[in-house]
Amino acid sequence: MAQLNKSLSKTPTGIVGLDEITGGGLPTGRPTLICGAAGCGKTLFSLEFIVKGALDYDEPGVFMAFEEKAEELAINVASLGFDLEALQKDKKIKVDYVHIERSEIEETGEYDLDGLFIRLGYAIDSVKAKRVVLDTIENLFSGLANEAILRAELRRLFHWLKEKGVTAIITGEKGEGFLTRQGLEEYVSDCVILLDHRVINQISTRILRIIKYRGSVHGTNEYPFLIDEEGISVLPITALK
Amino acid sequence: MAQLNKSLSKTPTGIVGLDEITGGGLPTGRPTLICGAAGCGKTLFSLEFIVKGALDYDEPGVFMAFEEKAEELAINVASLGFDLEALQKDKKIKVDYVHIERSEIEETGEYDLDGLFIRLGYAIDSVKAKRVVLDTIENLFSGLANEAILRAELRRLFHWLKEKGVTAIITGEKGEGFLTRQGLEEYVSDCVILLDHRVINQISTRILRIIKYRGSVHGTNEYPFLIDEEGISVLPITALK
Amino acid sequence: MAQLNKSLSKTPTGIVGLDEITGGGLPTGRPTLICGAAGCGKTLFSLEFIVKGALDYDEPGVFMAFEEKAEELAINVASLGFDLEALQKDKKIKVDYVHIERSEIEETGEYDLDGLFIRLGYAIDSVKAKRVVLDTIENLFSGLANEAILRAELRRLFHWLKEKGVTAIITGEKGEGFLTRQGLEEYVSDCVILLDHRVINQISTRILRIIKYRGSVHGTNEYPFLIDEEGISVLPITALK
Amino acid sequence: MAQLNKSLSKTPTGIVGLDEITGGGLPTGRPTLICGAAGCGKTLFSLEFIVKGALDYDEPGVFMAFEEKAEELAINVASLGFDLEALQKDKKIKVDYVHIERSEIEETGEYDLDGLFIRLGYAIDSVKAKRVVLDTIENLFSGLANEAILRAELRRLFHWLKEKGVTAIITGEKGEGFLTRQGLEEYVSDCVILLDHRVINQISTRILRIIKYRGSVHGTNEYPFLIDEEGISVLPITALK
Amino acid sequence: MAQLNKSLSKTPTGIVGLDEITGGGLPTGRPTLICGAAGCGKTLFSLEFIVKGALDYDEPGVFMAFEEKAEELAINVASLGFDLEALQKDKKIKVDYVHIERSEIEETGEYDLDGLFIRLGYAIDSVKAKRVVLDTIENLFSGLANEAILRAELRRLFHWLKEKGVTAIITGEKGEGFLTRQGLEEYVSDCVILLDHRVINQISTRILRIIKYRGSVHGTNEYPFLIDEEGISVLPITALK
Amino acid sequence: MAQLNKSLSKTPTGIVGLDEITGGGLPTGRPTLICGAAGCGKTLFSLEFIVKGALDYDEPGVFMAFEEKAEELAINVASLGFDLEALQKDKKIKVDYVHIERSEIEETGEYDLDGLFIRLGYAIDSVKAKRVVLDTIENLFSGLANEAILRAELRRLFHWLKEKGVTAIITGEKGEGFLTRQGLEEYVSDCVILLDHRVINQISTRILRIIKYRGSVHGTNEYPFLIDEEGISVLPITALK
């Protein structure tokens, strides 16, 4: 059975269709990178992962937002039937908005991410989180001048997340020639999922593709998905082939 | 009902077809980014938003122009039946032309946007504006040397606009590989609309596409639109699908 | 009638077909940008605007050339039936060749465009010009080291041209990813016309397109045009649609 | 027979189909470069080379991992039926995870790769390895500041590997316009194999191509391959033509 | 008749077909730019212009070579029936090879082109040249460190050539996104001819196109041409349309 | 007959099909550039030129290798039936491997190529070589810090090779937008041959094209070629058209 413990275990996302394509969900205890252009659905995807975890799998979660305030997020997903405030009150999830202001940091001279570690650690403990989302950590780059130090700190962060044993999602905006603007794929590459929103002949389609999933068979095609009043649903046509 | 207040409310643009595609208009109290190449219709779009607001929805508006003088604007839209002067006299709208001159700024050493805040605040108060347009704030970049400070100031500006509770439009010229030349989409990303003016086989078409709309279902295709003597009209073919 | 004065008035170019597409010509009292690659016809287009103005509309004009000497220009358009010398003698037009030499400027330390203003002002006065062409002002960039100052000066120049009330054409060579090499479209964007000379399957076609025309309905397609012994003629197929 | 010793000898990979295409396997005693984008299968390919070597050809191997920890790797390939721990216990393979941390190196001032040499040498000796994988040495670049020295050291490394007489695989992530991000193909070019994971019309295919194989006839087309519960299998359609 | 003198006069090239397309040849007394990739035929084209001038139009010429030595040139065109040595002996042409060596220049500190002027002036006088070729002046750029000064000097050179009244050809190698590597088209733009050597479906074609010809009607299509034992011949299909 | 000596003479390569396309071989006494991507066959092509010269045309040759050691080369071509060792023993060819190590050079301060000249001169004398290959001199660039000096030295080298009267081949790896990574085509442009290895619809083809051949008619199409147990054979379909 020791043997068994050593095979890759998976955490269901609760997102319709996705757990079928991945053969069970995201890699447990490892970070997954969700990337794509603005508006492709990264925030909704990762938030649904947290909400479904709390509601359906009894796994509390932390959603650390760098772009939208907690109240804004709550408003944005209200129409999807997600009641973030209720979930927070029940200690099932914790939404934390981190405001990054270059000036602040420069004044205080805080060039490392210790503050973030403490805050995230506290949030995780407060709900005993098994799931964590960082949406989107790339924003730290516009707030911090010393990129080299930031990158070293990010390595430390992803290491620390693995140590914590949480199943994490990191989101990243699409860059030119890279999967993400800041090359996050160099740090987070156990599981990489790309979302895309294409317009072909003036008709739009949303597409999901698993770029990489270490240690797992998975569907490798491009799968159409929808965002509607029930959240995200992926159409796993020819999944797991 | 507190719950209800927390769902996203929308502000009708009055632009034919658009409110249908967006399921009601632009996000109330948040800034929307309108981007596209020169001549795609950004100025007309945002001005019609202000004019229709004042005339049809009893929402006064401020149009802050960085490119065209108030008189020029008035002339440019006269043939669309918009009488900017009358509207200004009736205190229904306020058009304010901000002239940016690098030399002036450098002499006075004003590297922050306090002047702009004061001026905009004053304009908003003067008509009790509910709608604000900044067309196009990117021009500040050619006037200011210290880009880092300007970017920090822009963050402050967008924050301040949200605080004010106004429904705002920011316009931005198309950049290479980015939605706008100065990457405004990093700051304003609740709602992003792209206008395009394509020539295919020597026939031109104007196209509108909602790149992103946080918190809202919306039409996601490319919608043809016209600019004629009645302003802008979008053809919401297969809207809200 | 004050109302009427405030709508956009237009200045006929006299170029066959173009006044039809633009619904009357170029915007009176404002600068128009003509851009395109080498040999696309910018110089001929703008010179015909001056010549036809003088001959057919009784509007004297100034042609300020930065590339070709007055005598060379005269030779180049002789076969089109334009007699520049006669027109100059009759004080109907004024052709002025401005020679830019980096060394000269550096020695004298003249980093502003005051010399140009004086010279242009003098030329305008000398024929009581209503039309002005600057072909092509981009050449100033290779002559001047301090680009920032030059750009500030250009702003001042375009401002000054508007003040003067002349209907102006500025030409600009096509740049990579921009309409002009030096991004003149940032300063002159009331009316922008693109000329193109394409070779498809070894057959060449000349094409004209109105990229932007503030305040005016206009034909928006690509229109073929010819340069022959009678100058430029645009074929306004489906004009003003 | 001295003559015979001097012709190129080959080491079977044990990967289904590949030894057919290469006419016997990878060049014995030389390094081979496996390159391709994230998720294309580089790690699995090179690990199967080590595992099959140990199991089927009685050639012990060293897998030096710069990205995944030994335990993670073991988990990742468990479902392929590879039992890395058992193989390690039997001294048939050695998996060594090298953690690169810029800060560490900078503190100790270790700008050369002596540490790596010693460690790799020790690993090779410990199992009497005939096969070596370095997956992926490019990671050294983000850990070391002085790129010039690193490159000189890499040359030394590849030289040293040849001296050792081991058959090696180096993996490299796809770069823009280059086969690998850091141009490893400049150092390792006896045999270069490209893996690709394409999505055409939303259906994905994995493709293998031998870019170069010094001293050997080989199949030169693009060959489809699969990753399933039995590892990698290449379809040698029209091999060795 | 003064009028007549002022229209553009043309100098026949003697190249089969070309004089038909250009309606008489290259612009007399002005420089023409011939550009294209390596091997497209720039050297042969310009040399034939010189040889035909000397033989058929009684116009002596100077060929100033920066790439090939006089003897090499002579060998290269022997099979075309051009006997450069005989022509030189008869004082009909002058071939001058200018060797550019960075070190030489740096030692002597000659940063201007005075040496070149003197040498070229001397060569022109020695045969009373009416035609001049500079093949290819771009080579000066790899020999001179101070590009700004070189560019100023080039301006002076082209000015000086016009003053001399010679009909000149300047050749330039194709650059990325520019007609020539060093942007010579900025200085020489009265007449610009592009040569191209395309391979389509493994069949090669040589193509000539007149990009620009100030002051002249001309064929504007792409014209196929051949290089064979009789030199260059252009096929003026639908010339002068 | 002096006349005759002055026409371009050619050196047969002995490569099947190529001498037909070039009308006799490579230009005698001049350097030829062979360029193409990794694995396209540059090394085999140039080595066959040396081997065939020694065996079939009684012209001894020097192969100076910067990438592969003499023994490795010997192994790599053994299966083509080339016995480099025997040829070396018979003094018919000389293979010389030049190892470039930045550190060495920097220590000794040898920034010029004198060492290379001496070594190459010695090798040429030792077999009375008529043919020389430098494969690939671009490697010098990664070994030498001062690129400007290196380029000046290369000029000197190519000059020196011409003086020596040897028929030389220089190989160069394909660069982005240039024929070779280091722009060798600027120095070696009498004869330029491009090799390409394309995969179209997953089927590979090798293609040879003569980009330029000063002083010679030659086949200008793309010619397929094979590398098999008898070396390189070019299919001269429609040669010399």
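As written, the chain order gives the labels A, B, C, D, E and F, with residue 1 at the start of each chain.
Here, contacts are C-beta pairs under 8 Å (C-beta built on N, C-alpha and C of every residue); 3 or more make two chains touch, one makes a residue touch a chain.
Source: prediction; values computed, not measured.
Please report the minimal path length, in steps, between subunit B and subunit E on the chain touch graph.
The distance in steps between these two chains is 2.
Among all other chains, pick the one whose mean CA position is farthest from the mean CA position of subunit D.
Comparing chain centres, C lies farthest from subunit D.
Just send me the rotation angle from a CA overlay of subunit C on subunit E, rounded to the nearest 5 degrees.
So the copies are related by a turn of 60 degrees.
Please tell me the distance, in whole Å, between the geometric centres of subunit A and subunit E computed from their C-alpha atoms.
Whole-Å distance between the two chain centres: 62.
For subunit C versus subunit F, what separation do you get between their C-alpha means, in angstrom?
It comes to 54 Å between the two C-alpha centres.
Where the CA atoms of subunit B average out and where those of subunit C average out, how many Å apart are those spots?
Using C-alpha averages as centres, the distance is 31 Å.
How many Å are there between the centre of subunit D and the centre of subunit E, using C-alpha atoms for each centre?
Chain centres of subunit D and subunit E, defined by C-alpha means, are spaced 54 Å apart.
What sequence of chains forms the ring when you start at subunit A and head for subunit B?
A, B, C, E, F, D
Per the contact definition, I'd like the list of subunit E residues that touch subunit F in the complex.
38-39, 43, 67-68, 71-72, 74-79, 83, 85, 101-103, 142, 176, 197, 199, 202-204, 206, 227-229
Residues of subunit F touching subunit E in their complex?
3, 6-8, 148, 151-152, 155, 177, 179, 185-186, 189-190, 192, 207, 209, 211-217, 220-223, 238
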